[in-house]
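Following are the structures in question.
Both complexes below contain subunit A, partnered by subunit B and then by subunit C.
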Partner chain A sequence: MKPFHLVVGEDLPKRFLSAAALLVALGLMFGLTFLVAWGAGWGFWPKPLELLTLADGTKVLGELWDRESDPVGTGLRWRVKVGNRDLWGSDFRVVRQAEVVKVERPTDAWVLERWEYGNFYGFVLSLDADGQVFDPKTPGFQAILSRKLREVASLKRQSDKLAAKVARKAQASEEELARLASLQQAQEGCTLLMTTAGGERKDIPCAQVVHARPMNRLGFWGKLAVFGERWLEFITAEPRESNTEGGIFPALFGTSLLVLLMTVGVVPLGVLTAVYLREYAGDTRFTRAVRLSVTTLAGVPSIVFGAFGLAFFVYTLGGTVDKLFFASSLPTPTFGTGGILWASATLALLTLPVVVVATEEGLAAAPVEVREGAQALGATRWETLRYVVLPYAKPGIYTGMILAVARAAGEVAPLMLTGVVKLAPALPLDSSPPFFHLERKFMHLGFHIYDVGFQSPNVEAARPVVFATTLVLLVLVVLLNLLALILRNRARNRVMSQAL
Partner chain B sequence: MSAALECRNLKAGFGDHLVLQGVTLAVPSGGVTAVMGPSGCGKSTLLRCFNRMNDHLPGFFREGEVRALGRDVYDPTWPVDSLRFSVGMVFQKPNPFPMSVADNVLFGPRLLGIRQKQELSEILERSLRAAHLWDEVKDSLSSSALKLSGGQQQRLCIARALACKPQVLLLDEPSSALDPIATARLEETVLDLATSVTVLWVTHDLQQAARVSQHVAFLYLGELVEEGPTAEVFANPKNQLTERYLTGRFG
Partner chain C sequence: MAGARDRARRRELWAKALITGAAMAVLSSTFLLFAYLLWEVLPLLRPARLRPLETVAVKGSVFAFPGELPGSFWTLSQEGVVRVRPQGEAVRLPQVAPPLTAAIADRWARWLAVSDAEGIKVYRVSLRPSFVGQERQLKLRLSSPFVAAATEVKLLAVGGEATPLVLGVRGGVTYLWRAQGGSLEAVVLSSQEGHAAVVNEAGDRVWLASDRQLTVWDGGGGRLATAPLLAPATVVTLLLGDLTCLVGDRQGNVQAFGLFQGEGGNFLLEGFATFRGPGPVLGLAPSPRSKAFAVLRPGLVQVDYLTSGKVLAQHAVPEGARTGLAFAPRGERLLVTEESGGAHVLAADLGHPEATLGTLFGKVRYEGYRNTTWTWQSTGGSNAFEPKLSLVPLIFGSFKGAFYAMLFSAPLAFLAALYTSQFATARLRQWVKPVVELLAGVPSVVVGFVAALVLAPWLSAHLGAVLLALFVLPVTLLTAAWLCELRPRPWQLRLQERWERVLTLGLLLVGLGIVWLFAPGVERLLFPGGLLEFLHTRLGVSYDQRNALVTGFALGFAVLPVIFTLAEEALSNVPESLVNAALSLGASRARAAWTVVVPAAAPGLVAALLLGFGRAVGETMIVLMASGNAPVLSFSPFSGMRTMAACIAVELPEAAYGETLYRVLLLVALLLFAFTLVTNLLGQRIARGLRRRFGVAR
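Let's look at the complex of A and B:
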C-alpha cells in the first residue's frame, strides 16, 4: 500500500483551492439565478389579505410584504401593501409589530387590480349593474361579478380602439362619435361599491377593474391559477401605471427584434470580413494591423459604441436619409432620431469583433488537404470556399453568433443613446403598411429593469415586475444561446470524420 | 508512343531551397508509372508540377518546361481548371469533402456545369464502379462521406477524380494511411483503371512499385537517377544509387 499522501498526490492543496474556486463560482451563479427566480415567483404568487387591528383601534387591510427591524426603538416593524393609492397617496404602510393586537384573514376581503392607482384592498358592499344590485353574500356572486367584468372589459376594448382611431383622424364622423359615446355609456352602468378596512366608502367603475379576487377564499389550486394568469398577462400584456404593473410584451418584442436585426446585420458582415482577412488578404503587416484593431474593438466600453451610433448612424446616416426621402416631414426627424434600426446597427458594430474572430478560427478548421482536394478538381478559390471550407467554418460562425447574441441581448448602455424608450407608443412591427417601422423607438427588457427598478416613483411596488423582467431576460438569453448551440453542434457533427 | 506527361530540365523549389534540380522525365501514355525515392526527395513537388498545384504555395518558383497531354501546362489559353479536369489527383491522406458520398463524386461535374439529373446519376454510378466502390455505397449515397472507412474514403477520392473524366491520374502515396487490406483493394482498383487512364503513382514502397507499375522513375535529392521499364530497373539497375536503394542499403 502506498502512503496516503502519495495516493492523493502532493498537489492536494492546489486541487482543494481550484475546487473551492469552482464552488464559489457555482455558488454565485446559482445564487443569482435563485434570487431572480425567487423574487419573480414570490412577487406573482397570490398573497393572503391580512386584516390588522392596531392598539388604537385602526384597522389595516393588505398584503404583508416585509418584516424588518425597527430603526427607531426595538422590535420589528411590518411593511404592509395596503394599496388604495387614490385615497392615501402611497401603496405601503409601515406598522410596528408591538402595535398590532389582532391579525385576521377575512374571507370577504377582496383585492381589485385596477387600470389606474394600483390595487384596491377592501370589502364589497354591492355591485350595481344596470340598475340591478347584487349583494356579495348571495351565492354565485363571484361568477356574476366576473361575467360583468368581462362584458365591460370587452366594451372597453372596443371603445379604446375606436377612441384611438378617432384621435388619429383630424375629424371623426358623427356616426363614430355616437358609437363611441354609446360604448362609453354602456360601461358606466356597472359600478362596484367598496369600503376600505377603516370603513371609508369608495365607488369603483367596473371599467377601471382588471381583476377582482377574494384572495383569502382561494385554495392552492385557485392560487396557482392566479399565478399562471399573472404570468401570462405579464408576458402578453402592455404595461400600465408607468410600467410598474401590467405586462412587458412590448419590451420582450423589442428585445427579440433588436437581437434578430443585429444578428442579420453582423453575421454576413463579420463572416465576409473574416473571409477576406484569412482567405484572400494573406498574412501581411496590414492584415495583422486590421486583426489587432478588430480585437481591440472588442474591449471598447459599450457606451462609446452608443456615442458613435448616435453620431454616425442617427445624425449622419439618419439625417441624410431624412433629407433625401423624408424631406416633407422635416424638421420632425424620421430616421434622424434614435430607433430600433440604428440601435441594432450599433449593437452589430459592437459584436462585430467576436464574429470576425470566431469565423477566422472556423475557417482555420478547414484542413489544407481538403482545400487542395477541391482545387485539384478545378474549383476556384471562391468555389472551394463556398462548398468545402464553409461547412468546416460553420461551427465557428455559430460560435461567433452565440457570443454576439449573448452580448447584445444584455447590453443597455448603447441603446440609451440610440433609441430605447421607457414607453413606446407603438411596436416596430404592426399591421399598418409598410409593416416594418424600423425608425420607431422601442422598449427593451434590460432598459425596462433599469427604468422600473431604479427610476420609477413607486420602486417598492414595482419589485415583482423588476424580478420577473429579469427572469424573462435571463430565459430569453438562455433560449437564444440554446438555439445557436444546437445549430453549432449540428454543423460540427457534419464535418467530423469517423474514419481514421 | 507519345508521352502523357513530360518535363524537361525542370528546376523548382520554395524560397531559396531548390527542390527539383533539373528533372527530365517522360511518362508514357497508358499504364502505371511509379515514382519512387526516399522521403523529402521531391516526389510530391514533381507530381504537383503537372497539375500546377504548387503555384499558390508561398515562395514557389519553377524553371523549365512542363507538358501534359502534349500541351504546355502554362499555356495561357489553357485555363488551370480545365487542366485539372484532365489531370486528376489523389492525395496522401484521404480528403473527402464534408458532404454526402454522391455530392463528393459529383463535385467536379457540377463545377463543369452539368445539371441534368440523368447525366449526373450516370456519372455517379460509372465513377463509383470504376473506383470499385459502387457495391459498398450504393445504398448510402446520401449519407456523409466522412462515415466511410479510410480505404473507402480513398477510393471515393479516386471516384471523385474520375467523375471529371481525366486522361491522367496523379497519385501521391495514396496508400500510406491505409492498412494492408485496404491497400490491396486500392492497388487492384488502380490496375483496372490503368487500362484507360495514364497513372503516375508516387510511392516510397518498393514492393508496391514493383507490383503495380510497368515503368519506374527513381528520384534522389531532387535529381532523376534512373528510369525505365519496371522489370528491367528492378532486375539490373544501371545506377549504383538505385541498386543501393533497391537492396535497402541506404541512408
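Let's look at the complex of A and C:
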C-alpha cells in the first residue's frame, strides 16, 4: 500500500488570496461611497419627533440620532437631538433607555429651523400676526403660518439688502433709513408663541424662522418633499451658524471660480508644452530636462506647492504688487495675502503634468500619414499642427483639462496656505466694479469639510452638513473623472479603429 | 504671393517662439519651485553679527541703559539726574541726596537701586515710547522711592514684581531688603559675603553666588538649594523666562544652572552647560527676545546661545569697557560702558540661533528639561517660550504613517494586481482598471474625513473584532483553498474556475460572519475588562482614538490605486512567452505567476512600492484629519503622530514671514520635496529599466 501522503494546494491559495484582495479593495471603495451617501441622505431625511417621558416625569422632545450600549447597566442609551440651544446650551441630550417610560409621536410637534441657535423643537401655542391671534387648532393654520413666514422672509430679504447697501455707503439718505426702519418694523409684527415639551414658553419672532414644519404629520411624500427642499437649499443658500447649517453656495462658487481660473492658466501652458515635447523638439538635453521637470512636478506633494505658493506668489509677488500699485493701503495687504488668484496659480502649477501627459497622448493620436499628407500639400509646421494635428488631439486636451479640474477641485492642502477661508464675507465675483476681485479670499468645498468637521464648535450638530458637502464633492470629482475616462476611451477606440 | 509666404514664415516663427517659451516656462517654474524654497531657507545659515554703531559720551554718569527706540538710551549722573537721550529730557530722582555712590538696575531696568548719603533708595522706572506730536519719544516715569537707611552697602541686585527686593553686602554679611510699606526692611540672608546676585521677575527666587557656591533662596529668605561653582563668581544673571541662572567667574567660565523640583518636593540645583572663554567674565546680559546672552570679557563682547551651546558672534571692545553690558529692550542693540566715560553701542543681529543643524536633527537639552530630547513645539504661550524645532519627530511621524499605510496597502494592492493581471478574465480587467482609476481620483479630504469621523470612533469600539478579522479572513480563505486541493483525491472539493470569484466573495462573507458572531465572545474570553483596558493597564499602551492604525488605513486607501496601477503594469508587461514556457513545463497558472512572473516583475513591484511610499509621505489632508497631530516619538500603532506635511499645513499660515519658524517650515517642505523627488526618480528609473528589459515600448 502506498504510504498516506497529504498534499496541500499550491495553486488555489494564491488565487483565492489575490481574488480576495481585489474584492476587498473594490469593496472599500464602494463602502466609502455608500457610507458618505448614507450619511448625507440620513442627515437630510426628515426624522420624526419623539416625545419621551422619563421615569422622573421629565419630557424630552427631539430626534433620536444615535444609540449605543449603556455603560451603566444593560440596555441602550439614545442621543437625542433636542435643539433649543438658546434655552439649554446644547443641542443634544443623552437619554438612557432604562429611564424612558413612554415614547410618543405627537402630531402637533413642530420643528422650527431658525437663523440663530439652531432648531427649535416644541409645540405651537399661538401665532400673533399684526394683532391677530391664530390658534394652531384652527383649520388651515399651517397655510396661514407658511404665508406669514413667506411675507416676513421677503421683508427680511429686502431689509437685509437695504441694510447692506446702507452699510457700504458712508452716508445713507434719510429716505433709505426711514424705509429700513419701516421694513424692520413690519417684520416685528409677527411672533410665534411656542412651548417646549417641558412647558417652558418662548416667543419666537417670525423673522427668526427659516422653516416651520409639523414633522410628525408628514407622510412619505411629504417627507420626500422636505428632503428635496433641504437639498435644494443646501446647494443654493448661504451658510448659517458658522457653517454648521444652511447651504454651501459660496463654497461651490469659490471652488468653481478657482478651477476656472486655474484652467485658464494651465491649459494653454500644458498644451503648448506637450506640443513642444512631441512635435517640435527631438531628443535633446533641453527636452529631457523639460520632461524631467514635468515628472518632477507630478511627484511633488501638494503641500510643497502650497508652501511655494505662500512664499513666492503671496509674499514675494503679492508683496511686490502691493508695493507698486496698492501702496496707499499698506500695511494692510491687498495682494500680499492669500487670495483666489494665488491659489489658482498654485493649483495650475500642481495640475500642469496632468494636462501635459493627457495632451501628449492626444497628439499621438494623429496618424503620421495625415501629417505627411498635410506637409506634402505645402503646409508649414504650424499649419499642420493647427489644422491637422490639434483637431486629432482635441479629445486628449479635453481629457487633460477635465482631469486637471477634478484634481484641483479635490485638493485642499495647498489652498490652506494660499487663501481659503472658512467664511468669506464676499464672493470674488460680484456686481461692484471691477467685478472680478482676484485678491479676495474664497470658500472651498474641500476646506469646508475640514473646517466644519474638525474646527467647528458644534461638530455633532454639523454632521448632516459635513456629510452632504462630502457627498457633493465626491460626486463632482467622480463624475469629472468618469467623464474624462469615457472621453479617453472613446478617443482610443477611434484611434484603434483607424489603425485597423 | 511673396507676402503670403512671408506671413506664413512669420507665423511659423511666432508659433515656434510661443511653444518653446511654454516649455521653457515649465522648466523654469520647476526650477523656481526648488530654488525659491532654498532661497527662503538659506537665511537660516546666516551667521549672527555684532557691528559697532556709535560711541556716545556718558561722562560723569554712574549708570547707562539702552532705550526702546533706535539710538535711544538713558543715563544716571552722580547728582541723581536721569537723562533720556536723544531728546535730552532730564529728571531728577525724587528725594535723592547726592552724590550717589552706586547704582544698579535689574536686567530689564525696571527697578533702579541707588545708594546715596542717606542710604538705599529704590525706584520703579518706566520708559515707554509715546507720541509727542508726530514723533515717537521715550517717556520717563519714576515712582517715589522705597527707602532703607543703610549706608556703606555694596549693592548686588535689585528685582521683584510689585515691590522691590534688594540684595547687598555690608560688613561681610549679605542682607536682603524687602519692602514694608514705603520703606525697606533688612533680613540677614547669609553670613558669608556674596559676590553677585540676581532676583527673578516674580520676586520669589533669589540667586546668590558667594565664593565657591551658588545658592537659591525664596523671596522670604528660605534657602532652597545649593550647588558648587568652578571658581569665584563675578556676575550672575537669569535668562529670559527666569528658568536658567548664568554664573560668570574669574576664570572665564559661564555656567548655566537650572532649578528642578525633585521627587519629594525638594529642590535640586543642576549645572548643565558651561561656556568657556578668555579672561574673567566682567558682565552678562540676557537677550530680551531669546535664550541668547551677551558675555563681557576684557576687550571682548560675545553673544552665546544657551540651547545650542554656541558662540554666535563676538566683537572686540576697548580694554577699558568693563561695565554696563545690556541689551536694548528689543534686543537689537548692545550697550557696554567704558570707565573713561564712553558707551559703545553695538548692533546685534542674532540671525536664527534656534535653528542649527544640532537643534534641528540632534538631541537637545532644552531649558527646564532634565534630559536631552527630540521635541517639536514651535509656539508657546508666553514671550519667554523657547521654540523647540527638532525635525526628528516630524520625519519620524511621516515615516511611521507611511509605514503603516504600506503595511495595509502593499499586500492588498500587490495581490489585487496579481489577480487582475494573471488570473482575471479580460472582461473583468477592463472593468477593474477604470474603477481603480476612479478610486485614485477620490479627494484625500473625503478619505480623511471618513477615517477621522467615522472609522476612528468605530475602530476604538471594535478594535478586537478588526484584529480578529485580520486573522480569520486569511485563515478561512487558505483553509478553503487547501481543502479544494487536498490529496488524496476523494477528500478534495471540486471547483470550476469560473466560480472562483463568487466562491471567494462567499468565503469573505463567511469569514466576516464568523468574526461578527464570535468577536464579542472572544474578546470577553481573552480580555475580561475589554481590549483597550487590557492594552492600557497590562501593556501600558495608551489608545488614542486618532492613531497610526486609522491613519495607516486611510493613507493606504489613498495610495492603493498608485501601487495597484504600477504593479499591474509591471506584472502585465512580463512577456507571455515566459508564462507559456512555464505552463508547457506543467506548472499551474498560479505557480507560473508566482515563480515566473513575480520574480521577473520584481523591480517593477519595488518601484510601485517606492512610489506609493513617496506618495504616502507627502499626503497631507488625511494625516491632518486622522492622525491627531501630536508630535510624539512612539512607534505604537495606537498612538498618533505629526507628519512633515501636516505640520506645514497647520503651522505655516500662522508663521510670521521671515521668522525662524517660517524658514524652518519651508526647510521641511524642501526636505519633503527632495525626498519625493528621490523616490520618484528612483522608482521611474527602475520601472524604465524593466520596460526596456522586456522590450515594451512606452
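Everything below uses one rule, namely that the second predicted complex is superposed on the first by the 453 of 500 C-alpha atoms of A that agree within 3 Å, B and C clash if a C-alpha of one lies under 4 Å from a C-alpha of the other, contacts with A are read in each partner's own complex, and residues count from 1 in each chain.
What we mean here is this: a contact is a pair of C-beta atoms (placed from the backbone, for glycine too) under 8 Å apart; a residue touches a chain by one contact, two chains touch by 3 or more.
Quick caveat: nothing in here was measured; it's all calculated off a predicted structure.
Once the two complexes are laid over each other on the shared chain, residue contacts for A:A37 go to neither subunit B nor subunit C. Contacts of A:T380 after superposition: both subunit B and subunit C are touched.
One of subunit B and subunit C touches more residues of subunit A, and that partner is C.
When the shared chain is aligned, subunit B comes close enough to touch A:E372, but subunit C does not. With both structures placed on the common chain, the touch criterion links A:V495 to subunit B but leaves subunit C unconnected. With both structures placed on the common chain, the touch criterion links A:L218 to neither subunit B nor subunit C. The residues of subunit A shared by its contacts with subunit B and with subunit C are 380, 383.
Contact residues on subunit B toward subunit A in their complex (touch as defined above): 51, 53, 56, 80-82, 84-85, 88-89, 91-99, 107-108, 111-112, 144, 146-150, 152-153, 157, 160-161, 164, 177. Within the complex formed with subunit B, the subunit A residues making contact are 367, 369-370, 372-380, 383, 387-388, 391-392, 494-500. By the touch criterion stated above, subunit A contacts subunit C in their complex at residues 4-26, 28-29, 32, 35-36, 39, 268-269, 272-273, 275-277, 279-281, 286-287, 289-290, 293-308, 310-312, 315-316, 338, 349, 352, 356, 380-383, 385-386, 406-407, 409-413, 416-417, 446-447, 449-450, 453-454, 463, 466, 470, 473-474, 477-478, 480-482, 485, 489. The residues of subunit C lying in touch with subunit A in their complex are 8-9, 11-12, 15-16, 18-27, 29-33, 36-37, 40, 411-416, 418-420, 422-424, 432, 434-439, 441-450, 452-454, 473-474, 477-478, 480-482, 484-488, 495, 500-501, 503-505, 507-508, 557, 560, 564, 588-591, 593-594, 611, 614-615, 617-621, 624-625, 645, 648-649, 652-653, 657, 665-666, 669, 672-673, 676-677, 679-680, 684.
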